Amino acid sequence: MLSIQNITAGYGGEPVLRNVGIDVARGEFVGLIGPNGCGKTTLLRVVSGVLAPAAGRVLLGDEELGRIGRRRLARTMACLSQDISLDLSFTVREVVMMGRSPHLPAVGRETARDFEIADRAMELADVSRMGDRQVNEISGGERQRAFIAMCLAQEPEVFLLDEPTSHLDVGHVLAILDLIRALNREEGMTVVAVFHDLNLAAEYCERLLVLNEGRVEALGRPQDVLTADMIRSVYGANVVTEPNPVSQRPHVVISAGMNRVSPGSGTEGARG
Amino acid sequence: MTGRQSTRSIYVVLLAALAIACVLAVFSGPVNVPFNQMLDSSVMRLRVARILLGLVVGAGLSVSGVIFQALLRNPLAEPYVLGVSSGAGLGAALAITLGLGALGTWTLPGMAFAGALATILLVYALARGAGGSVPVHTLLLSGVIVSAVLGSGLMFLVSVSSSKNIHNVVWWLLGNLQILDWGLLRAVSVVVLCGLVITMLFARNLNVMTLGEQPAAHLGLNPERTKRLFFVVASLMTGAAVAACGLIGFVGLIVPHTVRLVIGPDHRRLVPACALAGGGFLVLADAFARTVFPTEVPIGVVTAFLGGPFFLFLLRRRKRSYWG
Amino acid sequence: MGVNKGLLKKWCLATAVVGMMAALLLLSERYVPTDATPAGKMRIISLAPNVTEMLFALGLGDSVVGVTEGADYPPEAAKIERVGGFASPSIERMLALSPTLVIGEEGAPSAVVTTLHKADSRSLELRIRNFGELFDAFGKIGEATGTAGRAAEVVAAMRAELAEAARLYGSVPPAARPRVFVEVWRDPITTAGGPSFIDEAIALAGGVNVAHDVKQAHPTINPEQVVEWNPDVIVLCYMTSKGGAAAEIARRIGWADIAAVKSGRVINDIDPDHLLRPGPRLIKGVRALAERLYGPRAGERPGLAEGASP
């Protein structure tokens, strides 16, 4: 479905990503992990079409991304970015309806069908009851779900998410991820999501792409990729991994004091 | 829609207010025109032209303000924020101090408009970044700097001018709705009306742009093209308004905020409502100015005097945030 | 250790700054121009173009060493060194010229005057708002420069001209006088009200200023008001394109029915400085106005010129 080939990209100056590639199959749930600054958001920007790579290309289906018009792209791919303005006095319903823009003619009003789709998106994201409340007056978790509803209203086949659960409490985190997982399984939506939390990534993703300093460090199933060695060498942290008692997926176990830096001698657990 | 009055009733109220303002304005002025002579009167022709100019300029400045506030995502944005006023003022001051100002009825407005256009191009060119993109904060900064530089050029001109020229430059800058030439009124109206139509057609895109440029791109917009279109439209409307009337402040900042408090942030409703409200407000302010003061008073003074307290009143009544 | 060094540095810096400020103050107070003034020679600086004209009219042109921008009459004045603009004369430049007398009009920045007092120069501030004050001003300049005799002559000549105008036109009854609208500027329309020179000039020239009842000297006027006043003559005080003036005014919204427009009596060939600059050439302005209002044979007892309203 989504073929990311040899992407080298940056913001002028040194490239942030070097030769990164992955082929994502239709209906797959891929997680992007890696330490701060390794290029996860940059990769999402390239894949979503807002940042042109210096080298390499992205294919959606068999079409090159650059050749797909923005509106057509937006009908197929939705991206939940981190920098959506929060100070909006639009209502939740109005914001969700903005998700229908790629489907509307350049000059024209929404139809009843558009309202239906938006309503359904709000139901899925569980924000129906706050449809008339202003976005800047609801909680962080509700806002995130509203933006997710906006993305769902685009009726995308591919859903890109940039740290969808940052600043959310555990209840909201699980609600959102379970929703996305349901969409992935029941509607066949392809999902590529950036994760900060390794355990969440391990639980929800079929495959993980590990980035380190702009390069692909590892790519594969969580059980194959998420090892204590990998975490030590990429994140510079000492952890223990063992199977999650419920799902048998890898679970990262941390303990206080495992990464103590002693003055004078080399740092234990430093990046290898 | 909690707290937002129904759109239709708001439009009705605005249209009614506009009509009342126009009627009041027709009867306002230093000259008393007997009722039976109204249709035939020269004075009436002057007044009607002035009312039309007020409607057009008020609408143009208000909608320009809305556009700049949406694209720059800044509640303090207003039509003159990118330096259009300084450029137009410099153009006009040059015309006056070089003695060209009186050469023809169109020389002074023409040079003011040229100054406005040159400023827009300069500001946009300066803000251009990699790949032809124009980041919004750079644009704002560029506008402020260019405005300051041109403003100092204006101050320099004033400082070396004869007292007669100083007087003329200052009075032009203070702004007024005097209109003596149907041709000029037509020209300004065409520019503003085209601008209004284009803005209303694409108002939905303004909504999406307030989410941010990348989110807007994710929703299918081309942010650079959208910005360019709207900036050109807003700058031309502002340039035309300033060329015809000098600097009328306050309208482009306060009318959008006031109307947004009542009708909400959806630009498909906000833009036409601001056009009506801005036009009506300016006509009313001018009618007030013409009757209360024996000589022409700078219209900006009156708009601030009338509009400020009303806006504060509205602000206090609404507890919730209205920006966005 | 480090704390003491830091404190010492701060004290040195502070002393240096204070020392510099003190030096600047002392030096500026003591500033004395290096070239000494030859005894008895007057060096006059004029801070307004009309004052410059008045000085030249008194034969003092050679003693004028500094003028402001815009001093363009007589032509010799254009060659004199500039000391700045109307609103911003440069004190440095003035001091460098070692003036013995500085003459300005009311409204010049007062800091200028005080500074010059300190630099051993006398200063004179004039207020000229009408002909009476103009004659007084000539007298004051005459006293200050030792040319009182010449000043009296100049004033007498001007009074004689005005007396002649009074003889010719003084007895024209108000109802028979042409009603005149003087347009000083166009964007916005500015005219000359009651307390202005132009108002006096119009009266002396046998006309009536339609804006006479307006209390300001240079008010901005609503064009409606001009339509209501319905002047017989319109005088434009700015340079317009040659020959286009009457047509341009006729095209103005609602102005086509004004008497002056219908009869084509739109005058734009009087030098604006003859009407706007409060100096000796105002007399020319009065004469020019009279000629336009009553015809070129200004010496005779005039019948009213064609087109003037009865």
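Structure notes:
Read from first to last, the chains carry the letters A, B and C; within each, the first residue is number 1.
Everything below uses one rule, namely that a contact is a pair of C-beta atoms (placed from the backbone, for glycine too) under 8 Å apart; a residue touches a chain by one contact, two chains touch by 3 or more.
Note that the structure is a prediction, hence the values are computed from the model and not measured.
A summary of chain positions shows that the Cα centroid lying nearest the centre of all protein Cα atoms is that of chain B. Among the remaining chains, A is positioned farthest from chain C, on the basis of C-alpha centroids.
Chain centres here are Cα means. That of chain B falls 36 Å from that of chain C. Annotation: 75 Å between the Cα-based centres of chain A and chain C. Centre-to-centre spacing of chain A and chain B amounts to 43 Å, using the average Cα coordinate of each chain. On the chain B side of its complex with chain A, the touching residues are 1-2, 73, 130-131, 201-202, 204, 207-208, 210-212, 214-215, 217-222, 264-266, 320-324.
Across the complex, chain C is touched by residues 29-31, 42-47, 49, 99, 101-105, 108, 158-164, 166-168, 171-172, 176, 178-182, 246, 290, 294-296 of chain B.
If you check the complex, the residues on chain C that touch chain B are 48-49, 69-70, 84-88, 185-190, 214, 216, 218-225, 227-228, 236, 238-241, 244, 248, 251-258, 272, 276.
By the touch rule above, chain A contacts chain B in their complex via residues 12, 45, 48-50, 52, 70-71, 73-75, 78-79, 81, 83-85, 87-91, 94-95, 98-99, 101-102, 104, 106-107, 132-137, 154.
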